[in-house]
Amino acid sequence: MSHGEHAHTLDDPQGPPHIHHMDPPTAYHAAKFGMWLFLATELLLFGVMFAAFAVFRWKYFHEFHEASSHLNWKLGALNTAVLLISSYYAAIAVDHAQHGRNKQVLKSLLITIGCAVGFLIIKTIEYSEKYHHGYFIGGENFHEFKTFLPLYFCMTGIHALHVIIGMGLLGWVATLAAKNRFSSRYYTPVEVGALYWHLVDLIWIYLFPLLYLVG
Amino acid sequence: MFRYLPEQASDFAHSVDSINNLITDISVFFTVLIVGAMIYFGIRYRRRGGVDHATPRIEGSHFLEVIWTVVPTIICIVVAVYGVYGFRVMREVPAGAIEINVTGRQWAWNFTYPSGKKTVDEFVVPVGKPIKLVITSEDVLHSFFVPAMRTKVDAVPGQYTYQWFRPIKTGDFQVFCTEYCGTKHSAMLAKLRVVSEAEFARWEADKGRALSPAEQGEALVKLNACGSCHSVDGSAVVGPTFLKLYGRKGEFSDGQQYTADENYIKESILNPQAHVVKGYPNPSPMPAFEGKLSDEDITNIIQYIKSLSEAPKVVVAKKQEDLTTMAPADRGKKYYQEKLCIGCHSLDGSRVVGPSFKGLYGKAGKFTDGGSYVADDAYITESILKPNAHVVEGYPAPSPMPAYEGQLSEEQVKDIIEFMKTLK
Amino acid sequence: MGHSSGSDIHGELGHVLPLKTYKTVLGALLILTIITVAVSRVDFGTMNLVVAMVVASIKAVLVALFFMHLKYESPITWLYAGIPVFLLGLLIGGVFIDDPLRVDPKNATVSVAEVGTSKASARDHAGDHHGANHH
Amino acid sequence: MSASSTTAIAGSETNYLNCERGIWSWLTTVDHKRIALMYLYTLTLFFFVGGIAALAVRTELAFPGGQIMSADTYNRWFTAHGVIMIFLFIVPGIPAVMGNFLLPLMIGAYDVAFPKLNLLSLYVYWLGAAMALVSLGIHPVDTGWTFYGPYSIKTGSAVVWMTGAAFVLGFSSILTGLNFIVTIHKLRCPGMTWWRLPVFVWALYATSAIQVLATPVVGMTLMLLIFERAFGVGVFNPALGGDPVLFEHFFWFYSHPVVYIMVLPAFGVIGEIIPVFSRKPLFGYRAVVVSSMGIALVGFVVWAHHMLVSGISDFSAQFFSIVTFLVAIPTAVKVFNWVSTMYKGSITFSTPMLYAMAFVFLFMIAGTTGIYLATLAVDVFYHDTYFVVAHFHYTIQGGAVIGLIAALHYWFPKMFGKMYNDLIARAAWFLIILGFNLTFLPQFVLGMQGMPRRYYDYLPQFADLHLASTIGAYINAFGYSLALLNLFWAMAVSKKKAPSNPYDALGLEWRTQSPPIKDNFETIPTVDDTPYAYGTPVASH
């Protein structure tokens, strides 16, 4: 781990960037482990809302049941499929990166981001439906089902924010792929970015049945 | 050592204190032990002469680790279980408790009795009876804390909590709000008055004489916690003081002139936003009382505000009743009430602890020592001044009645006898 | 570290899975989505929630194990993936031993035989004028 | 500890402080040591701001009735004191300053795992601090640092800015914790096995785990509170069907473990200081380590003991009271081990050792008074009284702050390569300990007499003890000022050079020069023994 050890990487466009204090495999595993820790915090961030949802569902069982039937489960299911497919392509991007196929990495990531855009468009359609019925934040029926709609908008809204952040992250990874930066020796950003994206998918896997199906 | 808890006024206060004192003793013991050991080691093994002496490389002891894990564990279990049992007593309200509804609001405590009687910042309970307080809040979190009773529970808006206690002594006790609730949190105090059962019965039955409109207004002002923002002594709080408000002239924020007459005050109460006086927060933070106060209420409040604007009267502390002009029997009745005879002696013939006063005068009977008596002036005088001299058969001996010798003059006793004579 | 004893091909750093695995997992995820929607259309009472959560958890585990390569990660990663789930359970558990178990003060009176004068007991039910509890 | 390839070039002229110059070299540095110093300077600033708030509060309370401010102003001051001391000072506290500086040195690494992320944490912290200052500037918050609803939903003060600040500061805390965990897992030098890690590193690990796992909960809770004010979502607002007690649950799910974020690193510091100045191995090293992890774990299970009278169900009150006692056991284990370390030692009463011994005394009081508050029937009386105020000041000031000051004195020669004036340091120690006890011992008595907390005014019967407390607070403040000025003078003015290893300590951080070079070590060291191998081996062990 001495200083000059990785100087050669400066001349190697597909090798890991020069980090003076870690050897490349350690840097790779550290980055991945760091992202897992971050995902742990993200899970607990959403966890608060899941806990609130659980307790209010118990408290206002009928209101929640009723409110759930006002959500468009078809659009919700469609969005689930869209996110699952996006997640699949994120995983595929990692696979391509592991084989050093930068073009395919770029293509897979663009499909992932495309799915994310699709997800947001569908979400917007849903939100505007709610808006027309006065169910949106500040609408006159916002509290018709007690805390269901507020929680629905908090949970899906913050999830959508994560979708947008994930798009940015994957977009940055895509530009690196476009510059041919990855190889079987270095693909940390692809893997870490994909990990983040899978979390976005993971959260939605729970949000969809909770909000749209069982209420 | 370190016994600072306030006086014990509820029946479980004693057990709370004994747990507390147990913890104190354990704590002092271990603190002295550990800090003592530390200081002893420090002195005994101090480096001398600026040179380190040889030290053994002792890395630990499984035996000691086990000891100082197990011993604290046992102590903790004992204290925890003790505490949980103490708590359960505080949560199990005995049947037959008197239930008083308590509502916290910024910044007053409102009490509603089963009889419908309402009080603010002061409540009265009988000694020896279990009292259950059902507590809620109208606005933010508060907490109802009666140190002498060792009870406390938060007042939570939107739900009800409770606490109970059985007072074991009479007297006045402090109530604090212990959950931070804003500006006047530290002024959100109340008084608990524990009185004898008889006095409580009378207090609760007392609907009060008919209040004047201004007095009713004053009560409304208290009940609605207007004082949180409007002083009555001229000091500035959030809104204008009520002192000398009536008739004042001024300017609204839109430049319009006004005079604080009946209509202005009425509008300000029902719809505070309609016109805001210059220099006060706009929009006004005051809630609208439209639909909450009747016209009559408003009129009474206006009367009260008016009364605060009249030239200050010499306030008479208390109307002195002229005893000399009263009939002896009336004076006797007054003493009967003041001395709380009602607690044990009814006026309607029913037997409580002692004999009813109804039809007592002239009655004949037997003492516990076998002697017989006739309830004449001498007998009654002796019974009042020295209740234990002779106790009537069938009544508790020794008599639980206090001796009034030295407390009532012979004249007063005579008046009481006159009062009894009227109760045929 | 990070290199598992898994049977598939090893990359230089992380784990390389055959493409077929990803495709199978995606297929399973989509089928599970259809199942969860289909089940929710029929009213099974509480079972609806149970089925939905079980299916969602299967999906989540699939995503974590294969898409996120958790299957091939070190125990410490498993630990930090598991702890938030445990803590979330703790949080929900902690809230649920509170709220559903709160008693309405009306019902807090125990029927322990207690000396109360007839006056006080007669009054006992009279204070029943505050509203219902919060639910 | 024999180190096969350590490097301590005594007298080397370049070090991390002088290798680059200019403000820009500081603002763009990724060196953990420089980042630590920037935390130190910012934290010291906020320690003084929070301290001024404390003095304002104590001055107001010196006598019954209003003294120097109105009730509303008082409410803002005590809130400012709480928020600044908690979120801006003591939560980042030891980890961000001492942890950042020492962690890579102690485990034999060139830096933390993610140096740029480390710098980002600092910037995020500054952003949060700026937001807090904005809140103080536009309309100081008057909710108390706990932000309980519905008051925090209704009050007119700048709650959104302040809770936003707490959210951002939490983010900084998460990133630091994450960085430390990865560093400890991935960057230990050859031979640095888990059972050879210094207890301070273990404490940092436990702390970091809490930072990563508890902070997001309060982050989202505060976010919901912001939504509550901005959009009226109603989750915590009873008027809209919400539940204010739920806010308390979520809040304390973080804010109880956060107590261990503050105090666990202080435990670690004490565990480092006592062996060195006793020339003895840390007694029961593994027990001390396991107890740290145990406290971190148990800390997550006990949160609702802050809510025993808040209207939670009787069952949960009993449950949380009983599990709270679980905290007492690992804490007791630690204290016993520290004191046993001194047995048959060769004890030097250096300034850090004096702080460590004071810590043991203060923490005994903090710990035992915690027993009262865990005991259900007794807590009903003590909840939200001055007893609680005194108790948590004994843990947080007597524990965490004294731990930080002890650490600063202990590692000062390493950090700056200079020595402070020992006499002044001891005088300051005396004043701090005297002032602290004079401030807070009377508050225990006040609490026992039923004095509620967060009171602007009080009944005349409490007057004497309040006055004593106020006098103590001034002595305490004077002591801290003296201690920090002494250190500042040593750092900025003094020419008194410190050797690389002034205490003959065995930890890796003492194996490099003082101040260390930019990359800590010329080459990564190798270790083959624990950092506590003091004294002569005895046959029976």
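Order of writing sets the chain letters: A, B, C and D. Residues in each chain are counted from 1.
In the analysis below, a residue touches a chain if its C-beta (ideal position, glycine included) is under 8 Å from a C-beta of that chain, and two chains touch if they have at least 3 such contacts.
The structure presented is a predicted model; accordingly, all values stated were derived computationally and were not measured.
Engineer: Which of the two pairs, B-C or A-C, is linked by more C-beta contacts?
Structural biologist: A-C
Engineer: Rounded to a whole Å, what is the gap between the Cα centroids of chain B and chain C?
Structural biologist: 46
Engineer: For chain A and chain C, what's the span in angstrom between their mean Cα positions?
Structural biologist: The answer is 20 Å.
Engineer: Using the average of all C-alpha atoms in each chain as its centre, how far is it in Å between chain A and chain D?
Structural biologist: Chain centres of chain A and chain D, defined by C-alpha means, are spaced 34 Å apart.
Engineer: Indicate the whole-number Å distance between the mean C-alpha point of chain A and the mean C-alpha point of chain B.
Structural biologist: Averaging C-alpha atoms per chain gives centres 58 Å apart.
Engineer: Could you tell me which residues belong to chain C and also touch two or more other chains?
Structural biologist: In chain C, 76, 83-84, 87, 91, 95, 99-100, 102, 134 touch at least two other chains.
Engineer: Would you pick out the residues of chain A that each touch at least 2 other chains?
Structural biologist: 29, 33, 37, 40-41, 44, 47-48, 51, 55, 59-60
Engineer: Scan chain D for residues touching two or more other chains and write them down.
Structural biologist: Only 185, 213, 217, 238, 243, 245-246, 250, 311, 314 qualify.
Engineer: Please categorise the chain-chain contact pattern as a line, ring, star, complete graph or other.
Structural biologist: Graph shape here is other: it fits none of the named patterns.
Engineer: Where on chain B is chain D touching in the complex?
Structural biologist: My answer: residues 2, 4-6, 15-16, 19-20, 23, 26-27, 30-31, 34-35, 37-38, 41-42, 45-47, 52-61, 64-65, 68-69, 72-73, 76-77, 79-80, 82-91, 139-141, 143, 145, 147, 150-154, 156-159, 161, 174, 176-187, 285.
Engineer: So in the complex, which bits of chain C are touching chain B?
Structural biologist: 102, 104-106, 108-117, 119-121, 123-124, 126-127, 129-130, 133-134
Engineer: Any idea which chain D residues touch chain B in the complex?
Structural biologist: Per the touch definition, chain D meets chain B at residues 71-72, 75, 142-144, 148-151, 154-156, 238-239, 243-245, 278-281, 283-287, 309-311, 314, 317-318, 321-322, 325-326, 328-329, 332-333, 335-337, 339-340, 342-349, 357, 360-361, 364-365, 368-369, 371-372, 374-381, 383-385, 445, 448-450, 452-459, 532-538, 541.
Engineer: How about chain C: which of its residues touch chain A in the complex?
Structural biologist: 1-2, 11-14, 16-17, 19, 22-23, 25-26, 29-30, 33, 36-37, 40, 48-49, 52-53, 55-56, 59-60, 63-64, 66-69, 73, 76-77, 80-81, 83-85, 87-88, 91-92, 95-96, 99-100, 134-135
Engineer: Per the contact definition, I'd like the list of chain D residues that touch chain A in the complex.
Structural biologist: Residues 109-111, 113-115, 117, 174, 178-179, 181-182, 185-187, 212-217, 219-221, 223-224, 227, 231-235, 240-243, 246, 250, 519, 523-524.
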